[in-house]
Amino acid sequence: MNRRKFLALSAMAVMGLTLAPTLQPAFGSTPRLEEELQKRLGVKLAQIKEVGEVKLTAPTIAESGANVPITVESDIPIDRVEHLWVFVDKNPIPWIADVKLTPMNGQVYFSTRIKMGETSNVRAILKLKDGSYVMATKEVKVTAGGCG
Amino acid sequence: MAIGAGILRVPKEAKKGEVVRVQMVITHPMSPPRKDPATGQEVPPHTLTKLELFYNNRLVSTVNMGAGISANPFMAIALKVDESGVVRIAYEDNKGGKWDRTAEIKVT
Amino acid sequence: MKKKTLLALFTAGAVAGGLLSTKAFAQVEGELTPEQEMKLVQEYNRFLAEGINPGEVWYEVGKEAIKKYNLDKCDLGLGPGVFKGAMTQLPRYFADAGKVMDLETRVGWCLQKHAGMTQDQVLKFVRHCWGKTGNCVSEYDGIIMYLTMESNGQKINVNLKDPKVKRMYDIGKQIYYARIGPWDFNCATCHAGKQEVRIRATRLWSADRPGEAGNAVSIFPKYLVRWGLPMTMHYRYSECMRQMRWPEFIPHSDLAVALSAYLYGTANGTEIKAPGIGR
Amino acid sequence: MKKVALTAITLLFLSGMAQSQQKKAQPQKKEPPVTQEEVIKVLTSGFSTDPRFIWKVQQDEAQKVCSQYTSREAMPAQAVQKIIQLSQSDIRYPQWGIFWGDWREGKKIVDNPRGGRFASYGFSDSPTDRGGNCYACHLIEKGAPGGTMGPNLYQYGKKWNITKENMNSPEALERVKAVYNIIYNAWSAFPCSSMPRFGHNGAFSPEDVMNIVTFLLHPDSPVNK
């Protein structure tokens, strides 16, 4: 019961913040990430809109940080998209990779396996032809597997 | 087999206008800069830096990457196929290694 | 209840674009039971299994190495150089060697016979990448990968009617349950029992749950993402014994064959699907 | 380590299983059962003869008994009694008796996964590594990833109602002793348990064991926060 109430509240809070994303630094950002975003994209995380049309598939828990499979897909038509980036907030170097896309791709799709030093948000960011940025975020919990 | 060998996999056949997945695995350590625990010396990074995807010699995509990609990288990218042709990937690392691989798709 | 919570969060996240999903997740995460976490780790393994398995690269390495080391003369039980389906019937008895051998032991025998290696050279060849975590490529790993993949899609069919094989199976089973060493472990400590348990985050397969031994051995050699190389069965045995605080394991020994006879014998009927992939 | 397995010189034996396992997939002709010598021969054939480690193959009496059964449920009462008796008589306590130790020292051992593993190709622990690798099998501190082979030990002291006020009462110290016995020799309470007999085998000293018990039970320990 309590939790439901909490959930309803947090959902509302989430929506409230999304409606006014520039009021404060985006939740969960790190100085390293902001630095990288500034260097490579020239924007702050708070300026990037999180949208449902970008889909980031990644495991909720990874048994090994050495190899975390991720897939970025989007319904946004390929001729409206220019570039794709993958970042991991808490990695020593948050930038993982970026892909220049063209209409010849037919579709926004990029799948790979990445390294994660610790539990962190993974972000897939698209630059659209109109100069705006959109993204998807997923937290991946890195845990320890095996005998030790 | 040495560093840079790999597998490039595409469907052998596709319909005109179909979007297919170009999958690849490349053997590469993708090692970040680190200190050798034994000697304490700095070991420079060794990673793939760039991969280009061509279809019939037209550049489709360029991937830039670093040590954040796992060792022996796997990647998959979409490709729209309008005619039969040759998929080529060309990739290079930060120590001057350059390789390429090709595969064919027949449009039916 | 928990499923509902997750669902509600996902919906909220989707509606709002999930900007604050971090916070939402932290809330849910603290409440995940170990069983739920175990399921989520299995999801990770499913994701890993999609796409190309880097271990497949070793198939080509092996193909070349087989020519280089004259192994096209090697008889795995179906005749010299006949490799398709050969893995399914191993371990088996070899009259020329006078003993039961599994795939790796037989390859070692062939390397001595057809490539002129001494036993020590073979062991060095086998262990080329053992203990390495970088980008290590071993021709031996390639050979085992190639020979196993040649039987992909076929079912394991160890002949337990052969008394010699059955005997190794029996010995293997006794060894599986033998408690040895300063930490009192046996193979069954981790890989037996009806209850699903995990070691740290890793779910353990059990010889007591139907099909699990088969699923475990049929994917070897298995590509390990943490080391970036495929692990052969004998390397697996060695690593398990190191973790069990047992004395140091010697590949291609009768101990390995006995364990293989027990494990592959138990796995009879399982389709070979090499390489697997995992942490 | 020195104490290990010295009670018996002969190598393992596992007679009971030979019978129980021959029901399945049996050839028509009755083969003579696998002998102890055969198993020993195969086992030792697979180990390096390095004198630093080969002694590990020697089984003590309790190990021999446990090797015969695939689970505790399969053990006859007599065998259970035998293990309990062997194990209880073996427990040694710190020279000062049953007193609380230092949970910080206990935590170090609990957290450390290294200790006792050797392979000549690498990945070996150093002789000074003295970890219990407890998280492999147990959940202990809140949020720390752990296994589920053993019971969940989070708030273990709270579970036994150990508080600052009552921690030196006879009842609380009785509990300390009971947990001490389990860690020193798990088989004294749970015959043939998966848990290593850390004290018996010499992996931990009595003081180490007491520090681990303190980490698990002490009201100040993060385990009970």
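Which chain is which? They are A, B, C and D, in the order written, and residues in each are numbered from 1.
In the analysis below, contacts are C-beta pairs under 8 Å (C-beta built on N, C-alpha and C of every residue); 3 or more make two chains touch, one makes a residue touch a chain.
Fair warning: this is a prediction, and the values are worked out from it, not measured in the lab.
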item: Separation of chain A from chain D, taking each centre as the mean of its C-alpha atoms, in whole Å; value: 45
item: Geometric centre distance via CA averages, chain C-chain B, whole Å; value: 28
item: For chain B paired with chain D, centre-to-centre distance based on mean C-alpha positions, whole Å; value: 49
item: Inter-chain centre distance, chain A versus chain B - centres from mean C-alpha coordinates, in Å; value: 23
item: Junction residues of chain B, two or more chains touched; value: 70-71, 74, 76
item: Touching two or more other chains - residue numbers and ranges from chain D; value: 135-136, 145
item: Overlap residues in chain C, where contacts from two or more other chains coincide; value: 51, 190, 199-201, 225, 228, 243
item: Arrangement of touching chains [line / ring / star / complete / other]; value: other
item: Inter-chain touch pairs (all); value: A-B, A-C, A-D, B-C, C-D
item: Chain C - residues contacting chain B, complex; value: 51-54, 56-58, 60-61, 64, 134-135, 137, 142, 225, 228
item: Touching residues (chain side chain A, partner chain D) in the complex; value: 143-144, 147-148
item: Footprint of chain A on chain D - complex, ascending; value: 113-114, 133, 135-136, 145
item: Footprint of chain D on chain C - complex, ascending; value: 30, 34, 38, 127, 130-132, 160-163, 166-171, 173-175, 177-186, 188-190, 192-193, 197-201, 204, 208, 238-239, 242-243, 245-250, 253-256, 258, 265
item: Chain B residues within the chain A interface of the complex; value: 19, 21, 30, 32, 55, 58-71, 73-80
